[in-house]
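Take a look at the structures below.
After this come two complexes, each holding chain A, first together with chain B and then together with chain C.
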Partner chain A sequence: MALPLKYHWRHLLSRRTSTLLTVLVVSAVVGVFTWMVGFALALRGSLAVADDDHKLIVIKRGATAESNSAIIPEDESRLVALSDVATDAATGERLISPEMLTQVSLPRLRDAGRTSANVAVRGVTPMAFKVHRKVRLVRGALFDLGEPQIIVGAAAAKQFAGLEIGSTVQLGSSGNRPYRVVGIFSADGGPMESEIWGYLESLKNAYGRSMYSSVNLRLRDGVDPQNVIDEVEGPAIQLSAWTEPAYWSQQSGLIKAYLMLAGSLIAVMSLAAIFAIANTMFSSVAGRTREIAMLRTIGFSGRQVLAGFVIESVLLALIGGILGCAGAMAWLNLVGNRKDMFGMSTFTTMAFEINPSPLMWGCSLVMVLAVGALGALWPARRAAALDVITALRQV
Partner chain B sequence: MSAADIELSNVHKSYYKDRLEIPVLHGLNLKIGPGDFVAMMGPSGSGKSTLLHLIGGLDSPSDGSIRVGDALLERMTERALTAWRSRHVGFIFQMYHLVPVLTAAQNVELPLLLFRMPASERRRRVETALSVVGLADRADHRPNQLSGGQEQRVAIARAIVTDPEVILADEPTGDLDARMSEEILNLLNLLNSEFGKTILMVTHDPRAASHARRIIHLDKGVLERTEENPVRQPMAGARAAS
Partner chain C sequence: MTLSYVLMQNLRRNPLRSVLTTVAFALPMAVFVAAISLVVGLIQIGQSAAKELRLAVHHKTTITNSLPEGTRRKIEGLDPQGRRLRAVCGMRWFGGRVPNTQNTLTSLASDVDTFCEVHQDAGLTPDEEQAWLRERTACVVGRIPAEKHGWKVGDRVTLESTVPPYLSLEFRVIKIMTEASRANYFYFRRDYLVESMNQVGIEDSRCNIFWVKCRTPEDLRTLQRDIDAEFANTPDETKSEDENAFGANFVQALGDIPSLMQAMAVVVVIVVALVAANTMMMSVRERARELAVFKAIGFHSRRIFAIVIGESMMLALIGALLGVVPTAALLTMFPVRRLGFVPLASLEVSPIAVVGSIGIALLVGLLAGFWPAYQALRLRTVDALRYLA
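Now for the complex of A and B:
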């Protein structure tokens, strides 16, 4: 049987100042870590929805994203001729969606409009709903082709002002005929849910565009997307094609770099937490050499003493961890769980929600346990390896 | 648990410092009968504490043999020695070595945590041990709420709570005034005469040694002489050989 928890707990309480300082360091690290994990999970969840590898996004050769791509209508005609593009069973039309992408600056709801962010505006035809299968209207109506109307992604509607049904948005040179929001659409939480969609020809006029930003294709079932990509990028068409997951993976490069940077920051902070715990535990071991010697003398093994200090360290980390998680929750409640992130080369933001999940708490718990155990490693080994005779002779 | 005898045969002990051998005990022979109370005296550095640590299985001899009851200590692994100590030996230290954050009862309970034992049985044993040392009413006191003598009595309760055959005491009155020392020595006498514990006590104090049945004198690692205490009757079978 190991030493009882009250033994460790009371030792922690007996060193109030060092315990409190260590708890504060650990709670700060765990709080930031929890928030970062929630952020990363939300972002990953959003990007993971863009997983349709039978949808190709075609942009201009040399362009890196739809925002800096321009495709002339003649190129679209060449794509129509591709034999591997799927056909609509009802109408016999090829599932090809020419689209135009631009952005509009809108005030954020979370800070009452004090700051703004760029929201993607996509001009589409009704065919887009057959090519982008995850996009579906959840409220209101589809835009009327002859009217200045738009539909708004659910994530964008939650985070930006003036996007509720019935409100109007000034787009391009729409002047005194602003676009009216008539519907809200879902994209199963994917990146398109952060966009505003309107009729392609109307938006081309509003922005004075004659070219498309991209052409999206749906491939027939069973077709190897790489064959179509090779054909699109070949000498006959000379455009650039990506499957949806490859495109978003490439687009989120900046976000990945940001997450890596944040991860490195967390790693450094975790090291600080480990050292804080190790320092507290070292001083605890140093102050309790005779007590450790007594325990060894009356029959506690080195392993039991080691386990005791690891338990004490993990207990210390857990207190910090609980405070840190509570802090992260309080922060989410205070500033809201809706986030948007600029990082795509579309020069627009992606909106998402950080929702506490078992995975997020699980990651934090693992981190807390790791910090506690690693912090205890050296001091606990020192305690277990204590020379009992020498310690007993100390008066 | 019945008392155990102790037998040391040609025990040598050396320490090494910077590869330099420092001999401490030189071929020591000693027999302590079951239920004996032996005081060990000698100047600093004579090897008293080293001998106590060897008999307690905290250290191993460089040469020779140590038997405590049925246990041949030099043949046991460190792990086996640790387990053996917890069952058969009670330790009393000069500075008590109580855990300051635990109550008297919790300190006494510590050795019992090493055994598979229901909490109710642990509680019963702790109460008994504290009653023996006269501190049943101080069970919930922390060490800083007790006098030095009371702290040492808690340490004695901790030493006897597992009902060991042998009690090893290293200067148990070294940090106490005369009155408290007397209390502790009377308690050790009680454990020896009423409960039959074999006690080996290291002390510098002749008055403390006078409570023992026999006094052995160590000097420079050899057994110099043995005195029978004329006041206290020696136990049958207890004798020393050097």
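Now for the complex of A and C:
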């Protein structure tokens, strides 16, 4: 028979101040941990959506991203000739989408417009919806090809000011061409959801551009993307091509560095939490020497005593964990769960939301259990290894 | 029997607890000193930027929309006698990267004549200023890219632009800028860029940003208003911001690391306070009898109070030193700026941060010891002596 849970619970209650202080230490660390895991998962989630390896993004050689690439229309016609590009079953058209990328500076809603973000504006043709399969209209209508109209990604609409359906955004090289928002689109939470889309010809005109920024291709099923990339980068075409996942992983270097920094800080803090728990548990063991000896005398094994202390410590950590998670939730609700991240080379912003998910709670739970168990291990072993006779004799 | 002797004996009595507490204190303090260093560094950059009294004038739509070169003359025309503005310097984004590397440098082509006046924090000596004016390919490099790529004054360096028309230009380094606010920049002459573009058949002398150096903070505010009013309802509407407001847009977009660090610093203080308080509570509880003996043999309450508070502060001090000193040494020996991670580039441990961290740790020790010390004071000598713990 193991020691009843009630026994541990009562013990935690009997040493109230010490328990409370330790619980608070754990909760502070777990709170920050949960927030960071949420942040990392939100980013990963957004980037994981961009996983279409049969979509190629072709940019100018030497450019680092679509926003600083310029492709002349003749190059596009050479790409049309690639045999591995898919064709539309109904119309027989080649699935190839020339696009233009520019930016507009819009106030962030989360700090009430104190700062602004560069939001990507993409000029596309109707073909884009067949190449970017995940993009679909969720509200309103598609932009009219003859009118200055735009549609807005759902993430952008939530985070930046002035993107509701019906409002107008000033675009163009001089920022004096009003475009009306007529629809909201989703990209299953991928990076394109932070963009604004309009008709390519209309935007080229507004920005006085004759070149494209990128050409996006859909490849036929079963084609090895690497072969096409080699062909595009070869002597005949001399452009640079990326599959969608490769492109976004290259663009998110800053994000990875950020997560590494945050991760190492939280690792140090978790280590400190383990030491804090160990400290409390040692004191608990020291204060209960006779009691432990008594338990051993009436038949509990050393292993059971060890397990008992680990359980007590995990219980302690769990209370702290629940408090910490509640704190992180309150923080997200109070301060806001919206964040955006900037690509140093793209000069545009990716917006995302930190939402609680089972995975986030799972990570926090594992961390709490680990902190509790690791913190208890050493003191619990000391308790289990207690010399019963000496301990009983102790006053 | 001196107070410090009692304190040392007490710490040595339960060495395991002292060690655990010290480590639990030292680890968060290591995070704290790094976090506070970044915050202090950014505040210093902000203050020095505010002192420079520069206004950033860029296109209202985004900074990537360019403004005509003539904008400079129009801005100067707002104050022909130069009573409010000292100089205007136009800059164009080059976005150069070292061949075969991925990172784009914050590289800008700058007006030749006004660069030194507008960017006094670049710290060019009169000789260096002469070199800048004389050499067409001169470049002035912040120490972050310089250290990363091993550039020294006199070196010839090549950058490939990542924006159309993707020029590859060669420069000669004439100055390494050490000032924290300039440490990440790469400046070169705009006339060199314009000529190089002409050579490939492109006529484009537009700029992305105009820095306006003002005389007083008051002038900065009035110029900000006047410049935006001057260009309102023209094809090239402007947005003028002071240097810190301009920088805030980027800080937000880079994941807002300063806020993260501030939040970490607050959490750390809470954690170490709880750790210290917990240890002192346990320590006082177990030593109730001993403290009662002290009282019984005539120790002043004040002395008892000092013993408990002193122990708490001693623990805090040792923990802080163990956490702060190695971190500070490590960050000084291996500066984070070498990682080339821009948002952290200004993370440098300053004496203020070290002293501040240790000061905060002592304060935490004082506060954490307060409640246990009060309990020790309230201790009823007779009860405690009778109590068998």
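Keep this in mind: the second predicted complex is superposed on the first by the 383 of 395 C-alpha atoms of A that agree within 3 Å, B and C clash if a C-alpha of one lies under 4 Å from a C-alpha of the other, contacts with A are read in each partner's own complex, and residues count from 1 in each chain.
Note that in this section contacts are C-beta pairs under 8 Å (C-beta built on N, C-alpha and C of every residue); 3 or more make two chains touch, one makes a residue touch a chain.
Not measured: the values here are computed from a predicted model.
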Taking the superposition on A as described, I'd like to know which of chain B and chain C A:3 touches: first, second, both or neither.
first
Regarding the shared-chain residue A:291, is it in contact with chain B (first), chain C (second), both, or neither?
first
Touching partner for A:111 - first (chain B), second (chain C), both, neither:
second
With both complexes overlaid on chain A, does A:13 touch chain B (first), chain C (second), both or neither?
first
Residue contacts with chain A in the superposition, chain B compared against chain C:
C
For A:389, select first, second, both or neither according to whether it touches chain B, chain C, the two together, or no partner.
first
Check whether A:299 is in contact with chain B, with chain C, with both or with neither, and answer first, second, both or neither.
first
Can you give me the overlap between the chain B contact set and the chain C contact set on chain A?
395
List the residues on chain A that touch chain C in their complex, please.
17-18, 21-22, 24-25, 28-29, 31-32, 60, 62-64, 67-68, 70, 102-105, 108, 111, 114-118, 170-176, 211, 250, 253-255, 257-258, 261-262, 265, 268-269, 271-273, 275-276, 278-280, 282-283, 286-287, 339-342, 344-345, 347, 349, 395
Show which residues of chain A lie in contact with chain B when the two form their complex.
1-4, 6-7, 10-11, 13-14, 290-291, 293-301, 388-389, 392-393, 395
Contact footprint of chain A on chain B as seen in their complex
49, 53, 56, 58-59, 79, 82-83, 85-87, 91, 93-95, 97, 99-102, 106, 110-111, 113-116, 158, 170
Complex interface listing, chain C residues touching chain A:
16-17, 20-21, 23-25, 27-28, 30-31, 34-35, 59-65, 95, 97, 102-104, 160-164, 166, 235-237, 239, 248-257, 260, 263-264, 267-268, 270-271, 274-275, 277-279, 281-282, 286, 339, 341-344, 388
